[in-house]
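Shared chain: chain A. Partners: chain B in the first complex, chain C in the second.
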Partner chain A sequence: MKKNSTLNRLLVVLVFLFLYTPILLLIVFSFNAGDSSIVWKGFSLDWYGKLFNNRLIMQSVYTTLLVSFLATAIATLAGTFAAIGFYAMRRRTRNLLNTVNNIPMMNADIVTGVAMCLLFVAFFNYWNDFAAWFNTMQRFVELPMLYMGFGTLLIAHITFNIPYVILSVSPKLRQMDKNLVDAAMDLGCTWMQAFWKVILPEIKPGIVSGALTAFTMSIDDFIISYFTAGTSSSTLAMTIYGMTKKRVSPEVNAISTLLFLTVLMLLVIVNVREAKAEERKARSASLPVYGADYQPPKKSVVLAKKAATGVLVCLVIGGMLVIRHSAKAERVVNVCSWGEYIDESLIEQFEAQTGITVNYQTVSDNETLYSQLKTGGADFDVVVPSDYMVARLIAEDMLAEIDYSNVPNFDLIDQRFKNLSYDPENKYTVPYTWGTVGIIYNTTMVDEPITSWSAMFDPKYAGEVVMIRNSRDALAAGLLYLGYDVNTTDTAQIQEAYQLLADAKAQGVYQGFYMDEIFQKMEGGNAAITMYYAGDYLSMLENNPDLAFVVPEEGSNWFVDAMCILKDARNKTEAEEWINFIASTDCNLANMDYIWYASPNAEALEQYPDYYLETYEEELDPGIYEIMAAPEETLERCTLYRNLPAEILKLYNDLWTKLGI
Partner chain B sequence: MKNKQAPLAIPYVIWMAIFVVAPIVMVVLYAFSTAEGSFTLSNFSAIGDYAVVFGRSFRLALIATAICLLIGYPVSYIMSREGEKFQRVAMVLIMLPMWMNFLLRTYSWISILENNGLLNQFFRSIGLIDLYNSVMGTDIQYFRMIGTSGAVVLGMVYNYLPFMILPIYSVIIKLDKSLIEAARDLGANSFNVFRRVILPLSLPGVLSGITMVFVPSVSTFAISKMLGGGTQMMLGDLIEQQFLGGAYNPQLGAAISLVMMVIVVVCMWVMNRFGEGEEQAVVL
Partner chain C sequence: MSKELIRLRNVCMAFDDELVLDNINLYFNDKEFLTLLGPSGCGKSTTLRIIGGFTTPTSGDVIFDGVRINDIPPYQRQVNTVFQKYALFPHLNVYENVAFGLRMQRLPDPNDPTGKKKVKIPEEEIHQRVMEMLEVVSLKGFEHRKPEALSGGQQQRVAIARALVNRPKVLLLDEPLAALDLKLRKDMQIELKRIQQQVGITFIYVTHDQEEALTMSDTIVVMDKGSIQQIGTPEDIYNEPKNAFVADFIGESNIIDGIMVRDNEVQMYGKKFPCLDGGFAPNEPVDVVIRPEDIDIVPVSQGQLIGTVTSVTFKGMQYDIIVDFKGFKWLIQTTDHCPEGERIGIKIDPDGIHVMKKSKYSGMFGDYSSFSEEYDEMGDATLASDEEDSADEE
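Here is the complex of A and B:
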């Protein structure tokens, strides 16, 4: 065939450039000394070091690999046999089954995910009701309660992997000479022998490529896992998605780089070997030797196969041990919080002190947490929702009362943060952090200091404003600007606030609606004005000194995120121990330093400037401390969100969706 | 001996019944019921409010699919004419990006497309922005790329291009070379060889490529959120909001899923009528 011209090759090169530029960028920023994904602060290997101490990420990498290996192994086995079975069927039956088999591939991932999620939830609800009834009826057999988790994740992965295996094995079966099997069996083979000696070698390339596709699909999948993994296990993609309230940690870049390079190396080795083998084959083929068709398996190939099998077996056994181990560990506590919202070393400290295993999971925001609790997939003991969501969970009877005699550190909490409107008698909560919402702006990109919410709607800054992607906060900005209460239930006022946002959007004021992306928008000078949380402003400031923060003159929202125990928590004692541990002064200091959110612990609040001096050997700027822990006169201008009645919540949702359209 | 093998498929047939067919039945049940569980059609009438989202999703997905085809076909064709070594490396390079988590890859695009991102800095340094300003008489500092529908399409093309290249390539590479030689011997020039022989024979690959790009594009949700800046809501976002997002209304979510599924299936069915028919869609 004709070779390609330079122009043609250029096209291919451009496509590869297109495919690899973002990846290269990710790899480069995994070596960044700072934590931004846009501001370069010099070369460092820090994130690689930190990575191995980050349990959340390592665990999710492990879950991802394990589920991919197991699903691929099972799907390859089942898919191969299914393909042989299909092949032997009558055409009509086969076509019908093939159509069904194609459904998971033809269907959008999100529909597959949603559909399986609905099935699991419905089944588990019936099962758990039945099990509860059955267990109370008799005492001999105890039926377990079932929840979404690793098992459902694995089932989902197997289900979407099998079609890929069948798809690549079937053509090989069709190409096979049908008489070969008959001949083998006529010559005395059993069917099993014929399968091993005749069928398998013929279809092997199909099996291998099917398995490879399945594995790649498993590793790359996010959407189906997101809907089927429940809350007790999460894949790497889900962990990344859970980080969307804060920034995506560069440790994720580091682990991805490592995975990427490993795969690259493996593929290079395999390819070089194959190419060499073929060269040898080509050379030997030129000599007419009797029986030259027969190639004894190459040592290297055999070795590689053995190694691969070894790795797989180790992983499976290791996985089972871990699962067994975690099932056996007597004392566990399942904690759910926001991404990047704790100093991870505290988890290890707690485990070392108490021997309780912490299963730490993250979700992206209050509404998602609520949906997960409602969907029934959740299996948490401790959650850390914000004030208004706490109120809603209390109102819907989803929280358990805390026995404060088990939480002596509750006494350390500042009186200001007790008995707040969301939990007036303080029966359900222990505050975790608090802070204010305000406007963050880039002083080099605006003419005058910003003091009012009007900046969020001002056409003067068209294309330079980033609105927060959260209905409650976004509409609050409108309500505050108009001089209304953020907790208003007057639909006309809410409509008016919505109209303000919609008009601003129509005039092109907003560059977009974002959450975590705000970090890189502001740090990189890509947007002039946004609204976000005070603590996060401080971590942006580290990467861009031009940023300023203001609590607007019209007032603002202040929030408390509080630890609560769910009503159906299975580990209530452990949950109380965890809450007590986190409420301690040392933990609060560590967290305050790590996430820049103010602590509700009176001692920690007072001691933080000294702690800072000790740790970094420099004074903490009082201005920074004041932004982190807003002084009384600022707080007086701010209001806590309250839970809104159902019809107002629906209005918020409808308006928000309308704004998004 | 043949029917002896058929039972091998039984476990999988049972598996499919439970984990492929039953979940879809669940979606249908949810779509036709209220939160209390009684029958209703109101979920479907509520979909009317989201016609814009349907329109946008299908429009952007179609554009993305067309671009993937326009890039993917020539690339597959060119690759198939290269030496074996090159082909092997190229295939690996096309598969490899899937190993870098897709959320991260998309995230990375944000910093490229930003107002002060890599691409705009590049344009500025080569004087493209000044040139544009002097020609158009405008005074812009950057080209606005992030938060536009173009950025969403780019994200789709970026993520799903391999799904177009792989099937087309694997069909072209398996073409019977003697057919091409025969055509040439009979006097066809390169263009005619391509048009009369290669193109029709590679159609199954094209069809499966189109399916594999169009379906995920139309239902994507993370891409539109990250690159579209929340102003380009797609069907995926809408469905996610009903199940795990703020809006919590699984019945409406199921109804939207069902409608989307039906439209996609009909599209694919019509398209495949033009193709061969029996499972030609080979991925690798």
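Here is the complex of A and C:
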């Protein structure tokens, strides 16, 4: 064995490197001054600061902690008593139940998640139908409508935690001398007293480790939460996931670092506890025999301990009550948007001004939003879909008409962004942002300025091009290059665009098809050319000044994301207040500065360069502003996506699958 | 001896249609050391658990001091138990283990004339009684220790102290010495008897070890298959076993088929032997018990019976020799050495012969054909572990 020791050590080092490099990298970049995950710009704690001011994250940390604590407490209680019940059963029944108990732990989370989601949706459907009927039949009792939310999230967490508690309490019960309970009862305990005085101290280590496991599982869970949280609550893991869809902000690094440290701490606590128990055992054996009179522990010490426990319990319960009170605001509005798509101080401003609590959630993309709205359980009031999705929602009668007399700031919207194709009479929408799609390229990696979509298919740039991983955008590039309309329903034209893509792919033009990774690829100089959104280009530019953006001469796609109110919104008045607030010039300026996407507010568009000068004390580069808010002549070359008919959507899907990425 | 304290009347116990106790009638006197003795599964532990209140009999009455207590839970009975493997509370030290019962007790408040108000035992009194009891079991100075840091014998003493500190009227002991090694077991037997005499209460002791039973008991109840086989003093049980089972279970016995020709004369192997028993019908078939130490070896010419030595085992104080009498093998314990293969004669005094009525156990015991020491010990070991297994199931 000895001659291999160097090799062994090397192997161990490699294994640890493999395991810990990603985490180390994440921790290091959480202290990065810049906003890149690749380019180091010096040490700073900014991201941690931002983290604690990030409402969305703080809210989800709070949700996560609350659900974890509650689920752990309830699951520990239920699991402990279940384990005791199992223990009292006959051996065969017990073994059977233990096996049944183990299955949920082995089961794929996604199956558990989907199953619970289906159950909740089905049950709530029937319940809500019944409640609606019941409420119309009489006026004495009003049954509430039920939606997925914190309650269902909690139920799901309790459900998947219980087996872990049972699993860790059961062995402690089995190890326990069976006569202990009899002995306690023999010495004057009722069964309940025996439980508190004898069983509980005996199985306490099992309960504690079960609770810790449950807590860790709860904090850690993403998949089951994702399916059961509904739309009004979001756990930390869900929020992080939402944030990574657009790009990995270093805030994610910071919160992940904190999460990692929390779990690490929990692990250390568990291990130290075990080590201490061992040590105590060893020490107890070597205690000297006392000649002097033994005195039991002082009453005051016991009392102090009890008092401390009492205070802790009161604090927890009190805290929960306060939380519950604060969560029960009179007026709320449920908003669903994209990740990193608002200056969050605006939410606080709105709440302070109106007293309405904003429940701000995010989803990753239009399609996810659509499926969430369709599967039910969602209880959003305001959503911010993109143009083509707005058209689809209108077509499917899922949006409510807005009462524009409640939204006076709609008048500030530039005429260019009213009555657009997706909402020709402008009955349903107030635009939120707009922008163009174009080609982003690294000036040091190409010979000449790029002006045409041909660059996306040119074998000259083999291996240097990153194609967007989205069938609509990718095929649009082909259609535009070929001179066709991006909304064409001519299958031959679409086939032709597909062929262009397929050929380029066969010739090795594409390094890959990506969404989020485009940031890393372009910022790190790992790819020369890609197509993406103008606003995101500006974020990339901060980390790599060699990048350039162009709206190709053939024209391009431009998009509008618009605020809409859902047909079944429960807080329509509050929703209109929110929309009016966001449509104001101040809000548009703040948002524009924060997310780099152009505002549809005419005043804001005009005032932004001055706003920039005032805020940063330097001139806004007019070239940059032109990219952010495309001028009239550029916009004329661009087309909005329309909602395509179902058979064309299917063709897109089929071709995308055929392309095989 | 003294007044009756506990009586079991027509007690039956069934688990899953299996009769564990079959119509037990038994009484226990105050201040007596009584042992329930029998092999694994005989129902002795169940009997104890019924008295302790951990099990409710299927039918029959448990009467304590004249009151039926079938439905009284264990924590309201004036009975305490020392469990198999002690069942000490692992999270409490010796002091707290012993104090446990006292801390649970609530006494009528002396300042409350209605007597409804209950108070705890004052801490000073608890301390005094615990220390007193630790003194009784010679464990002073071990108060701080956790049970895991004690030897088996010390744990045993803690268990006894924990039960006795409550001043019960009856102490139940469920095979308390089974987990100790031989030397410690012998010491503890004497210790237990001393403690019982010191505190002067009834001990009901369960064991499968006949030697333990004979050493300590005032009264022994021999049980088998859920029924009582015999009740009596150790001497009665040993000298006058009621049937082949008792004769075999208590000590070593040669049990031979015989015919009671008339009072004071029994016939074995076609020969008549004088004996001291009577009261049988003329020529009634009987079981004859002859203890191995009651047989004298004599020259062949003087022997009442003549047989061949088939094996000899040296046991220190004596030899165990197996002698073949017409195909039936006897165990004889003697201080004389007889080589294997020798033909010897034997002589039995009239008081060495004990005649029993035929029973369902006749023919099952008392032949040493398959005798070997290992066999015997293995039998004991399986007895002990069987007992645990059967307890597991309940």
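As a convention for this text, the second predicted complex is superposed on the first by the 512 of 661 C-alpha atoms of A that agree within 3 Å, B and C clash if a C-alpha of one lies under 4 Å from a C-alpha of the other, contacts with A are read in each partner's own complex, and residues count from 1 in each chain.
Note that in this section a residue touches a chain if its C-beta (ideal position, glycine included) is under 8 Å from a C-beta of that chain, and two chains touch if they have at least 3 such contacts.
What you are looking at is a predicted structure, and each value in this text was computed from that prediction instead of being measured.
Asks: Classify the contacts of A:E202 with the two partner chains as first (chain B alone), second (chain C alone), both, or neither.
Replies: Only chain C; A:E202 stays clear of chain B.
Asks: Determine, for the superposed model, which of the two partners chain B and chain C contacts more residues of chain A.
Replies: Answer, by number of touched residues of chain A: B.
Asks: Can A:I110 be said to touch chain B (first), chain C (second), both, or neither?
Replies: First partner only.
Asks: Counting only touches as set out at the top, which of chain B and chain C does A:N526 meet: first, second, both, neither?
Replies: After superposition on chain A, A:N526 lies in contact with chain B alone.
Asks: After the superposition on A, what does A:D182 contact: first (chain B), second (chain C), both or neither?
Replies: In the superposition, A:D182 touches chain B and chain C alike.
Asks: In the superposed arrangement, does A:L45 touch chain B (first), chain C (second), both or neither?
Replies: neither
Asks: So, A:A132: does it touch chain B (first), chain C (second), both, or neither?
Replies: neither
Asks: Contacts for A:T190 in the overlay, against chain B (first) and chain C (second): which applies, first, second, both or neither?
Replies: In the superposition, A:T190 touches chain C alone.
Asks: Taking the two structures together, which residues of chain A meet both chain B and chain C?
Replies: Touching chain B and chain C on chain A: residues 182, 185.
Asks: Touching residues of chain B toward chain A in the complex: what are they?
Replies: On the chain B side, the touching residues are 1-13, 15-16, 19-24, 26-27, 30, 50, 52-53, 71, 74-75, 78-79, 81-82, 85, 88-90, 92-105, 107-112, 114-118, 144, 146-147, 158, 161-162, 177, 180, 190, 211-212, 215-216, 218-219, 221-222, 225-226, 228-231, 233, 236-241, 243-248, 250, 253-254, 257, 260-261, 264-265, 268, 278-279, 281-284.
Asks: In the complex, go through chain A and note every residue touching chain C.
Replies: Against chain C, the touching part of chain A is residues 91, 177-180, 182-190, 193, 197-198, 201-202, 281, 284-285, 287, 289-291, 293-296, 299.
Asks: Help me check something: in the complex, which residues belonging to chain A touch chain B?
Replies: Per the stated touch rule, the residues are 1-4, 8-9, 11-12, 15-16, 18-23, 25-26, 37-38, 78-79, 81-82, 84-89, 95, 97-98, 100-112, 114-119, 122, 155-156, 158-159, 162, 164, 167-168, 170-171, 181-182, 185, 191, 209-210, 212-213, 216, 219-220, 222-223, 226-227, 236-237, 240-241, 248, 252-253, 256, 259-260, 263-264, 267-268, 271, 274-275, 365, 367-368, 370-372, 374-375, 463, 467, 469, 471, 505, 510-514, 517, 520-521, 524-527, 653, 656-657, 660-661.
Asks: So in the complex, the part of chain C that touches chain A is made up of which residues?
Replies: By the definition above, chain C touches chain A via 52-54, 73-75, 79-81, 83-85, 87-91, 95-96, 99-101, 104-105, 123, 127, 131, 141-146, 148-149, 162-163, 166, 392-393.
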